[in-house]
Structures are given as C-alpha cells and as structure tokens.
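In what follows, subunit A forms one complex with subunit B and a second complex with subunit C.
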Partner chain A sequence: MKSVAASLRGRRSRPTSLERNNYKWVYLFLLPTLIVFVMFYAAPIIQVFLTSFTTWNGFTDPVFSGLQNYVNLVNSRGFLLAMQNLLYWSLLATFVHVGFGVLVAFVLFQKPHGWKLARAVFMIPNVISAAAWAMIYRFFFNNDFGVLNTVIRFVIPDFTVQWFYESPWAFWAVAFTWMFYAVIVTLVVLGDLMNIPAELAEAARIDGASGWRLIRDIQLPLCRSSIGTSVIVSVTARIAMYEQIALTTAGGPGNDTMSLSIMLVNGIMDYRYGYANAIGVVMFVIGLVVLALINRAFRMDESDL
Partner chain B sequence: MASISLRNIEKTYDNKVTVIKDLNLEIADKEFIVLVGPSGCGKSTTLRMIAGLESITAGDLFIGDKRMNDVAPKDRDIAMVFQNYALYPHMTVYRNMAYALELRRVPKAEIRAKVEEVAKVLELTKFLDRKPKELSGGQRQRVALGRAMVRDPAVFLLDEPLSNLDAKLRTEMRAQISALHRRLETTFVYVTHDQTEAMTMGDRIVVMRDGVIHQVDTPQNLFDRPDNIFVAGFIGSPQMNFIDATVERAEGGYELVGVLGRLPIANERLADYVGKQVVVGVRPEDIMEASECPDAPAAAVTEASVDLSELMGSEVYVYFTAAERRIIARISSRLDIRAGDTVRLVPDLSALHVFDMETERAICHGLDA
Partner chain C sequence: MSITRRNFVKTSIAAAGTAVTAGLVGCGGGGGQGEGSQQAGGVVEITIPSYKTGENVGAVFFEPQVERFNEKYADKYHITLESVPQDGFNDRLKQLAQQNQLPVLVQGGDIDWQTDIAFPQGLAYDISGWLNDHPEVKDLVLDDALAYCTNDDGTVYSMPLPTVRPTGYYWNTAMWDPQVDLSTLSMDELLAEIGDQKIAFSTAENGWVCSLFLTALVAAEEGGADWLRGGVEEKIVDFNQPAFISAVTTLQQLLQNNAAPNSVGATYADAENAFLSSQAAIISNGPWMSSSLDEANSANWSNGFDGANVHAALWPGQMGIANTSSLGEWWISAAASDEEKQLAEDFLAFVYSPEEIEAFLLAEGGDAPKLTYSENFKEEQAKTQTLADLSADTTAETEFVPCILDMIPASVANSDFGRELPQLANGTYTPEQFAQALTDAAQEASLA
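Let's look at the complex of A and B:
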C-alpha cells in the first residue's frame, strides 16, 4: 500500500497495474465518507450559495434576484459595524485569547505546584455550553446584583454601569465572555512544548539562552504550528460566534455588538432566506480567506522536524 | 584552556538514589579523556555535572582554578555535543552555529567570520543556509561539533556523539574528532559505552560502574594491566576468559592449577595465595593452538572439543567448554578449525592475569615479570 500512498501524495509517475488495482479498493473504502460529505456538507453549501442569489421566503419558490441580497447586505445598517466588530474581536482572539492561552501553557510547563489541578480547573468553562456561559456572564455583569459591580462599589459606592447595555462597554463585555477561556490553546501549545526534546533546552542553556531568550528563540518558534492552529480555531470561532451575543446583547446597544451571525439569524426570523444565505456565503468566504492567511503567516504546511 | 578537577563528587536524586559516589578525577589541560562504562554507570551524569546541567550534591568541581559548582552552564566556558545533536530545528545551520555568539553580543561581522571559518574546517560551507532536517546524520553531527567550536571553549564535552551514526560513518567521525582535538588543543571529555571509541580516542580512559571509578589509565595500561575483573572483562573483545584456579608452589615459582592445566608463573605476589583459589584471566587472543607454540610446557596444554567456530576473516573465534566453563580463543584462520574438531590449546603464559577471588582486584599480571 506504500506505493498507493506515495501516488496519492502527488507523485506524477504513471501508476502500475498493481497500483490501478489498488485504486479500486481505495475508492471503495472512501465511498461512505464521500457519500456523507456530499449529502451533508457539499450539497447544503451549494444550496446556500445558489439561493443567496434569490429572493426566497422559505415557503414559495426562490426567485433569482442577482446580487441584490449582497447589495442589501452591504448597505444594511449593521453590516459595517458587524465587520468592524469581527475585525476587532479577531484581533483580540489572536493576541489576547491565544496570547493568554500560550502564557498559561508556558506557566504550566514550568510545572509549578498544583499545575495539574490548575489545568483541570482551567478546563471547566469548556464543558459548559456557550449558552450557559453567556447566561452566567449576564449575572456577572448585572448592574444591580452582579459580582463585578458589587465589588467595584466597595471602592466607588455610587458606581453604576449597565455593561451589556451601554456603549462602548457592551463590545468589551461580550469579548469578556470568551477572551480568557483559552484552555484549548493551552492544551495544544503545552503538548507542543512538552514534545520539545529536553536536549534542545539544555543546548540552549549552554549556549547562554535563558529566560526570555529561551522562550523567544527556541520554545515559541517550535510551538509555531500549535499556535497557528490555535489562531485559526479562535478566529473562525469569532466568525461563527452566536450564543455569546444573542443571549447577552442580541447585537445591541444600537448595533454595537452586531455580528454576521446575528444578522443571519435575524434574516431567517424575517423569512428572508435568500438574504440570510447571502450572509452565510460571506461568512464562508471570510472563513476561507482567514484560513489561507493564517496558514501562510504561520507556515502551517512546513515542519522543521 | 583548562584542567578539570572533580573532588569527592556525589550525586543523589531526591535524597534517595545515589548515582555517583565519592568520585575523584583530575583531568589535565588539553587532555582527551574518555568516560566509559555500561549504561547506568554514571558517566553521562558525571559529564552533565561538569556541564552544569545537573546539580552537584556534594564535593567540588573545578575548571581551571575556579570552583564551578554554582556557576551557570553558559559561564563555565564549556561546549557540549549531544547524542541526538540537539540542533535547533527551526534555525539554519548558520544560525545554529552563530546562536551562542549572538547571545554574547559578538559583533555580526565577527560572528560571520568565525562561523565561516569553522564551517570551512568541517566542510559545511555549502550547507550553511539549510535547516537541520535537510542534512544527513553525519552532517548534523558536524554542525553540532561546529556549534561547539565557534565558541572557542576551554572544555569540550561530548556525550555519546557517535552512537546515532552507522558503523562506517562512526569510524570516519572518530578519526575526525581525534584530529579536531589535536588541532584545537583543548580539553575533551568524551562519554561513550563503546570500548573501541574509548581505546582509539582517549589519552586516558576512565572506566566506571555503578557510579564508581574502577580504573583511570592509558588505553594500553587498561588493556595490559586491568586493576580488577570488571575492567578486565569490559575492555577487549571478545571478552577475557575467567577461570578458577588454585595456586600451588612449584619449582621456580608457582603454578595455577585449573581447567587449563598447570600454568607456571613466577611472581612473588602469589606467595600469600598458596593453596587458595584465584581467578585467572586470559584474553582470547592469548590462547594459541599448541602447534604454534612448541616451547609450551606439556602440563599447560589442554585438549578440548570445539563447540562452535566463527570465522572473522584473518582469525577464528573458537568456543569450547572446559569443566563447564565456556572459553573463547582467537586463533589464526589458517588453521581451519571447525566445530567438533579436537584442538590442543595453550595460553600465553606471559599474558596471564591473576585476580583475588574475594575482592576481584588484580594480584599480578603476566607482563609484570
């Protein structure tokens, strides 16, 4: 089977009869996956793409309307803010969310007392659904009985801010619901860190690298692919983010925390399926572009090892 | 340039497991010293303590005349070559070699000159822009050496640097490292479990077992005058034969009476052992076919049936059993000895080693006389 594997990796030489015989089996075994992929993945995506060029309320037949949905989307009140929010949230995801996860990974890597417990505790938010988590944050940020304002009022007795309902705080309050829950980043990066041969760190110590230089020159570069993966996961999660907004601000105040996902669901609620699917296509394209950019930035297809 | 002095060094892990016990060793400036022993004997730990990668539980380590126990590895003026090379995989060959100098804030032009000079010596010039994964094992090994060389360290520490290479390359690199030592005129401390490397490269060899030094000596002395049974058995291939014998007084000296017959030996150190059991060591190459040695006394000739013979080219390893002891002889292949043959064998009486059965220490060597 080795020759088949080599052929599938893109070797250009003409397949031998043995290899051609093997292809039959390769495709046979691929068939179930292909069927599932086409039925549940490719077909819906194509349908979304096609109907995005129609006016469709979900009941009557879609009517072709060209780029009208896209024009409407770009001209809609929320669109620019949604794109701006996506950009800022993505930056926060890349630098604060992933950065924090990486920081925790490096701290845990030093194996401080109780690091295994810390790792487990850090995991807890991940087993709670995003929806439940958003609700918890509604209470946390509540002006009247929320933990945050109660604590602040110990210092400033008259303090009052409706975090989720006032500009510009709502943007940040939504960001806080996910910004520091980076346990996946931590686990992935910690895995990479632990895979660095001990001899490398020793060689670096003898070379004279310690502390920050060791991290910057040796450990961080060797965690490149796990950090890149983390950035991809975190940024794409920002594109798809829905519950954290819907259950806290629903895009408000005004359009302060508007996102494409909220606009998409609003479109469905208004029976504007064609319009909603146009938003879906935009999200899909943004996702692909982001994936390609991050892949290139982190040279994800290359390995040094 | 520096001598190294290890005084009463001890290493204990977690206050429980002692791996190095009261180790004393003086390594001269510019010496090539090899630490050798079976795995787990503490040779790597000793090297890592010199490097500063392991803390020293007790005792003093001096490099030059400075006590180094609490000095950081980078400030010990040492360089180390690791078994797995430990090259930085994400850096080019150039940067791998330049990195230590970068950290020392050496001017860029100076770094370039130094790296290029070393790369030339090691024939790495055309690989400078490559990453380690694009190099062969031997090339990576040379980069690891180069990384050590650019720093002009006072001491080179090498931890089994050749064990990941194939046999042919290992022989080549062995010669290269020896040449490098002569060229650099620096102290080399070299750890290996391979006695061939130890014998061919070391000015002196330190044989260790269970965290204790068993003998420190030149390769020749280690081979000719092993201090104890462990060293005698460890150095030399195939291993030295050990035979129990009783010391008896005889005309003109003593006789060692055992399965190899009556072996006359004249050495007064055996006086205390008359009537006692000792262990006699004979190297396989010191056992000859009787026809090759017509002067041998008849009583020293043993007749034996050959269990197995291995043709190695110019010689044959002949395995035979005498009084339930397996004995190996290395005999010229011209004699054409096969399994099942009966051979008459005689040990070279001037190359016997006699050991105390209790302490396992050497009593005398045939060469002493």
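Let's look at the complex of A and C:
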C-alpha cells in the first residue's frame, strides 16, 4: 500500500490541469516583483561586481584593471583598522547590543508594574534617526559642556577627555551611539517569548523548573531563532554603519574609527568608482559570510516547536 | 475564446500590478526637471536647479535677482528655480548629466567633475564667441579667471568670475583693540600682537576655519604662496615641504594656546558662534560674514557681543585667500536649443551688468577689481564696516592665494584634513607626522 506521503509526492509531481493553468497567473503576479528586483537589486549588484575590476571615474567607460582595486584596498592605510573595528563592533553588537535587547525582552515578559510604559519609552530612540543620535552624542561627549564630562568633573575637577577625538576613546564613543538602542531586538524576542505555548512552561514548572532554570532551559532555547535574526540584523548594520561615524569622528582620530563605508564614500569623492565598488563588493561578501555563519550557529532553519 | 469572469479579474489585477511596476521603475518617461524649455506665447521658459533658494543664505540675493531678470525680460523669457539642498546639489547635477537632463544654465558643480568630466565630455557650450562679441562683459571678468577658464584651443566653457571675495580675519574690538596699523605688520608681528587672545577654530566637517588660518600661515612662509598656487594645475600630494611644516608648527601652537573653548570638534557654525558670543576675539572668514554682524541678525549674538565693534582685514603682506584662477559660477549646457542658449547668454549679460555686480557686492561682500564703482555704491558699502575694511585692503597690490583645501584631493580636503587636526591639536602628531599623514592620504587618493 502506498503511504500517504508517497501519495502526496505523486500528486505534487503531476499537477492537475487546473494547477498548471494557475502557474501562468502565479508567474504573472510575480512579474512586477521580479522586474523591481532585477532593476533595483540584481542589476546594480552585478554592475558593482563588474566595475570593481575596472578603473572607472563614474562617467567615462570603465577600463579593466584586474584585481588592482582590491590590491589598493588591502594596501590602504585604513583597511586593516576598518576590518579590526568591524570585528570588534560586531562582537559588541552580538554580545552587548543583542544581549541587552534580550535582557529587556525577558524583563518585559515578566510584565512588571509599568511594563507597557517602559516598552513605549524604550521605543522612543528608535524613531530618532541615526544621524540625529550622532549629533546628540556629539553634545553628550563634548569635553567643555557635555553631560558626561560635567558629571565626571563633580568627582575629578580637572578631568578632560575629548571622547570623539582621542585614542582609544573614540572607538567606544562611536559604539555608544548605537550599543544600547536595542528595541528591535527586544520586540522580536518579546514576540517569540509570547508565542511560547503556556503548556510548556506549566510542564516545566511541574517538573520542578523555575526562575533561571526556566529561562535557561526553556525560554532562551525557544527564542533561538529570533535571537539569531537579531544578531544578523545587528551585525549587518555594523557593516553598513556610516552616519554614526561620519557625523562624529569621520573615521578619526587618525584612522581609529575607520570603516569600510567611510572608505567607500572617500573613494567616490575622488571619483574612484571602481575602487569604491571594490569596497562595496568586500562589504557584500562579508555580509553574506556573516549571514551564513550566524544561520549555521543559530540553526535558523530548524524549529524547536 | 471567451473570457471567464475569473480570468477577467485576474487579468485586471495583473495589468494593474504591471502598471504600478512600470510607474515604479520609471517607464513613464516625461521630461526631467531643470532641462527643456516651453514656449508659451513666445516666452522661452526654463527651470534651473539651484541651492540658492529658500532658507539658503545665498537665496537672499539670488532669488530677487532672478525675479529682476524675469521682470526685465517679461515678454521674452522666464526662469523658474528648482530648489535643491546645497549638500546634495553637486550630486544632483552629476545625476542630471548622466541622464542627459542637464539644465540650460548650470550653476557650477563639483570643480573636478566640471574640469575632468563634464567639459571634456562635451556637456558644456563654448561661450568664447559670445564673450568676444560682448566686450562690456569680458572687460569685467578677472584676468586670472579668464586665463584659467580659457582652454588651449580657445574655447571657454565656464563663465569667468568678475568678483573676488578674499578671506581675511575679523576681530572684536571689545576684546582685542590693537593700537597699531595691522596692515603694516608681518605675520610674526601680527601673531605677537594677538598674544593670548582667543581665536575661533573648527576641526569638524572639513576643518574649514582652521584651513583658512593655515593657508594664511603657509602663504606667509617663503615659497608658501607659490606652493599653494601650484595646486591649481595639479593637486598637492606632497606636504613634506618646509613652508607647510613651519606653518603647521605655528597652527599647532595656536590650537594649543589660543583656541576658543570647544574648538576641537567644532563645526563652522560652532566657530562662528564662538565669535558671535564673545568667546573668541578673532576668526578667519570671508566677506559673507558681514551679514552675521548686521544688527538685523543680532538674535544670534550673546555675552554682550555687538557687530558694530567688529573690524576686518586681509592677512599681512596684503594677502587675501581667494582662488582667482578658478571656474565661474555658471555654464551653459551644450544640449540647449538656440533659444535657450540665447536666454542663457542674456541672463549672464544681466548678472554681469555693473548694477547687478554692485548689488551683489553690497549683499554678499567682495570686490570687482575691474569695475569702476558708482558713487552710490561707495556710499552704501561704507555703511558696512567690515565690507569697507576689506574693500580698502583690496588693491592692485593685493596678492591672492587659494585656500589649501581647494588645492588637495577631495577626500583629503573633506575627510582626512579635519580628521587629523585633533591629533595635531592634542600633540599626538608632530607637524612632521601631520604632514606625512596628509601626504599618505593624498597619494592614496590620487591612485587610479
């Protein structure tokens, strides 16, 4: 006797005439999306890849130059520091930014008194643009009248640090412009927490689990997928991070806070579009690698429920 | 073949979706802005994108000027301004050029883009013939500017400037009132006279105010002015020069001893605010600053600041910071029709008329060395102290040097220079290291 699954497989391999007739409509409905995707995503990405192997000023015809742009990039003064900064900022994003967001989600999940207000307040920074935050932090970290140094001077009257303009503080000052604004992480994880069937927690409690054990063995594992998604979003945001750096340190002091995005824009300023696109390709590839690694680390395609 | 009701609904939805997509991807066609003309009742109409609109400081003079042109030629021409933010204006022009949608009158654009790309690509109309036919206009333009704008084959694409707006320095006499004739002092004597007075600097953005002071210091060094001027032909990529290092040494001392509070990390607006709030006695700036010193803008003053107390001068050695060997503000698109070109040429003739040049100088400051001023103009100019000061200093003997930021690769000017300044100010860099850092950055930026 054929199994039900085999029967279903058999049916799938031989669509009915009605289903075949519907395919053309399916493809027709997909067509607008495909056109938009090809025009606005695929074609530019292909162009970026191709022109990254050329000398191109953006106006005249590109001239093939092999790997020269990539060689120039690797040999440039800022590249190693930009990669190092990306690594450290990604680690901060993964463990501090996402960690903080998850922590807040778990606190809100307990529904303490005033949790709805707290959630709304936690949302506020998210409606302020990254550029505006960068400007706010320029005042916050100002040596002469910034809040931080003013407070510190109550304890150490002679304290003076130019947070955005001195090593090694600039790296941390830039990191603070985004590190604790993790409302997206909180909302994603909170949504997952709320979707955990109540029976699971009940069963765990009957088995003697409570408090930290319940969180560690039941809730955290069941939020794996949303935490993984948060890590992907946070780390890829670090790869593309531009405003927070450009409006505060511009990559300085020296190259202390240099990033690939700043180098890319500088390349465009000098009409080195081929070089800038080579940087774009490197950012794209790093993004794909990060995506694959995090997908694998968090087993994103598996479900525990 | 009959169309069923269900197929009809599907077809309709699919067609609507495709139409929306077509709209999204811009299949609608149609003219862009800023290009083509309409001829309504014989009136040639064009739209030109400009950043000198709305709240932009340049709009105060430019918008009424366009209106005056429209009124003068009401039966022939009409120009409409399309407002474009200044920050994205140059990119907007490049975008329009890539789409073959350049406006008839092009308001400048990125200098490197004009010289390296737009003009060699044939995007600009040659105005040399028109200039030769209009000596009343040609005789007003600066000699250096005309020479710079004239190509080897005699063509002229960018309309050479008739005015120069040299940058000098301003001081608040309520804070610093020197009892000597500053115009007779050398740079060293001037710095000694300044003593420990506070100077407004900026290091953020592109470190503009610092760059002005540094330019003056470099120009005061032996061979410094020529070294700066050398950047007009070929961008400076080697900063390991005695004149530059000596000037940077002085700048470092000024940043460490004379800088107004909050100078490190200050933007241009912060530096100007330091001056207008009596936190700094001195600031380097151009004649456009006169509007900030006008009583009408006293809302921006604080700590007892009074614009009437401010005087201005060019730098020692009658040296003003201005690049006279530069492109002008306007050029005409080669793609324009004959009627549009005629409109553009008449507009340029209007803007370059003595009355309009004088009106411009009164509004925004500067000098037109080849224009014989009217008596009325002289009287009006004398009413603004700083404009009168700068005008008195601008004579036939005045030497002009270009700002250093205009002579170095764009990414170094816009990013590296300001980024390295805090290191110089806090002593992390020696002047030699600062020069080497800029050299490395400039040479990297010059790679193909």
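Methods note: the second predicted complex is superposed on the first by the 287 of 305 C-alpha atoms of A that agree within 3 Å, B and C clash if a C-alpha of one lies under 4 Å from a C-alpha of the other, contacts with A are read in each partner's own complex, and residues count from 1 in each chain.
Following the convention adopted for this analysis, a contact is a pair of C-beta atoms (placed from the backbone, for glycine too) under 8 Å apart; a residue touches a chain by one contact, two chains touch by 3 or more.
For clarity, every value in this text was computed on a predicted model and none was experimentally measured.
Once the two complexes are overlaid through subunit A, subunit B and subunit C fit side by side, free of any clash as defined at the top of the document. In the superposition on chain A, A:Pro197 makes contact with subunit B only, not with subunit C.
More residues of subunit A are touched by C (comparison of subunit B with subunit C). Look at A:Pro44: by the touch rule set out above, it reaches neither subunit B nor subunit C. After superposition on chain A, the vertex angle at the CA centre of subunit A, spanning the CA centres of subunit B and subunit C, is 150 degrees to the nearest 10. In the superposed pair of complexes, A:Tyr275 makes contact with subunit C only, with no contact to subunit B. Legend: residue contacts after superposition of the two complexes on their common chain; A:Trp25 is shown touching subunit C, with no touch to subunit B.
Contacts of A:Ile206 after superposition on the shared chain: subunit B is touched, whereas subunit C is not.
Once chain A of one complex is fitted onto chain A of the other, the partner contacts of A:Pro221 are limited to subunit B, with no touch recorded for subunit C.
Once the two complexes are overlaid on the shared chain, A:Arg77 sits against subunit C while remaining clear of subunit B.
When both complexes are overlaid on chain A, the residue A:Phe59 reaches subunit C alone and has no touch with subunit B. Taking the two complexes aligned on chain A, the least Cα distance separating subunit B from subunit C is 38 Å. Partner subunit A is touched in their complex by these residues of subunit B: 51-53, 72-74, 78-80, 82-84, 86-90, 99-100, 103-104, 131-133, 147.
Every residue of subunit C that touches subunit A in the complex is listed here, in rising order: 10, 13-14, 17-18, 20-21, 24-25, 94, 97-98, 112-113, 116-117, 121, 203-204, 261-262, 264-265, 409-411, 414-416, 418-420, 422-423, 426, 428, 437, 440-441, 444-448.
The part of subunit A that touches subunit B in the complex is made up of residues 197, 199-200, 202-210, 213, 217-218, 221-222, 224, 303-305. By the touch criterion given at the top, residues 25, 28-29, 31-32, 35-36, 39-40, 55, 57-60, 65, 68, 72, 76-77, 138, 142-145, 162, 164-167, 249-254, 262, 265-267, 269-272, 275 of subunit A touch subunit C in their complex.
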